[in-house]
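By letter and in written order, the chains are A, B, C, D, E and F; residue numbering begins at 1 in each of them.
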């Protein structure tokens, strides 16, 4: 946790390496699920920013650190500001309770490693 | 499940009656939490519609039918259309998997009892 | 939910009937687990009241209505007052967040059907 | 819960009706997920019986009654006997703990409404 | 995991640093939630020891390692002995099942780094 | 994550060390639960391979990395091939959704450290 940018780089590296290994295994159901997951956040009736914020809130209440990191990266790419991020955090905290707090701490540490909106 | 509007009326009645009983019990922590919960979805850096959609997605992946019903009602009040609702459902379904489906079925039944956007 | 005492009677009846059916099936692992579960709340280094309150808090954050009902009955038998119950509820609510609320409402309705402490 | 066969019929009816309503809504991600879900249990490297037992165990530890009912029906169609069902239940009970018990009771009640293996 | 006391010191340092960063962000809902969380375990109708044991059991069944560490520290400060800790662990294990075991292992390692009761 | 075999060795070492510490504490309920857990996967009406696959699927949807590692080791010992493993993963992924993916990545990394079937 000492270097947010190194953590982000390590996260990205492991994620890409293992996604490639999973895809190479050739299980059709898994590969189709990955394709579905990639498209689920595309803009449609709802814009990409709103969908990333939903993905972020869902990831926080389910307490999935890697999912949170991914949606923080994507939400920032969609222009979500720090103030908006903390409002999204606040909704997840109220819905999910104090067990969300350890993940919130790590999310804020991750946010420090991302470029400003 | 046979009459969505009767189900909604029953939900609202039980919710209000028990909220009153809880508040009357006078536990300060609980009453403050309820106040916090009520304010968490107020417009701020994010608008109320976005927050309700986040609350809806979080409720679906956590598989809380009453929470889903509440956020469906509120999201509809904020003007969320059927198409937008189904996109929110699709994000929750991909994040939470097939165990979300029974709650999705009940959500769609509830939606049939709500006024159009 | 209209008659808490009838709900409690129905809960007890179904619970006893199905526990008997499960035991009769003769699966050794299941039957041993049931025996372990029954003894886990016996007084030891911690008294039965404390253990029932722990079981109640755990059941609320895991959002298991039948488990909550069972521990409400047992906690009341151990002399837990309404004020103590609501303090236990408040801990569960802060730990587990707003998704605990629907279960809290049903817990308070169940409490109304139990004899006073 | 008084009539397992009527409960099963009601489950099937609501499931089919709402699945049709969901499909008719035309959300591509949701419809593709449903197709993926339907194929996930097809025989492949593992036979259908093994996959249904995995789906059953996963549904029990996640405490999804409708999912459990569905996999009980399918597992029985694949020839799973009562004794095998209870062994599957025992694995889920040990993995998921006593909060699985209320779902186990309802699973056993459902099993009583299914034809013998 | 090789040095329980170093792990505890690292946990405390990260916790305090990030709590300060969260508070400095100035989100009112989050800051109020933190205040509520801090007060939820104060002695009231139930004493602090009982509340910490409830918080510990809830944290174990929800499988939140940081929450477990926090409540182990606080429970020990309230005089909870090793024997009482293991009884609390046993309730959480029976309620939450074998998936609690990895967290139990880490809890016991943490306990070795705490002063005796 | 850089060396799967070193990770496996570290996992085994910590697991055995802490299991011994837990058993030495002498809590009867905990020790009986561990005995029950050890026997739950013994061949009976269902064979050991099927039970390990159920344990693996349950561990993945509950997102317990240590549990997944344990069942991967045991499933491999029972002769489960890579292709069968990925089919088990696919069932868990569809049931549990995209939040299973980070655990799937780590599972595939672990699998690389195990001997071939």
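The working rule: a contact is a pair of C-beta atoms (placed from the backbone, for glycine too) under 8 Å apart; a residue touches a chain by one contact, two chains touch by 3 or more.
Because the structure is a prediction, the values reported are computed rather than measured.
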For chain D and chain F, chains touching each: A, B, C, E
Classification of the chain C:chain E interface as same or different, half of numbers criterion: same
Maximum centroid distance from chain F, chain identifier (CA atoms): B
C-alpha-based rotation, chain E on chain F, 0 to 180 degrees, nearest 5: 120
Listed chain pair D-F, A-E or C-E that repeats interface A-F [over half of contact pairs the same by residue number]: A-E
Relative to chain E, chain with the most remote C-alpha centre: D
Whole-Å gap separating chain C and chain D, where each centre is the average of the chain's CA atoms: 26
Gap in Å, rounded to a whole number, between the CA centres of chain F and chain B: 36
Between chain D and chain A, distance of the C-alpha-averaged centres to the nearest whole Å: 31
Computed distance of Cα centres, chain B from chain A, in Å: 23
Chain D residues counted as touching two or more neighbouring chains: 29, 33, 36-37, 40, 59, 61-62, 67, 83, 86-87, 90, 93-96, 98-99
Chain E partner contacts - residues on chain D that touch it in the complex: 61, 93-100
Chain F contact footprint on chain E (complex, rising order): 1, 63, 82-83, 86-87, 89-90, 93-94, 98-99, 101-102, 104-106, 108-109, 112
In the complex with chain C, residue positions of chain F that touch it: 29, 32-33, 36, 39-40
Touch list for chain A against partner chain F, complex: 14-15, 18-19, 21-22, 25-27, 29-30, 33-34, 37, 40, 59, 62, 64-67
Of all residues in chain E, those that touch chain C in their complex: 36-37, 40-41, 44-46, 50-51, 53-62, 67, 81, 83-84, 86-88, 90-92, 94-96
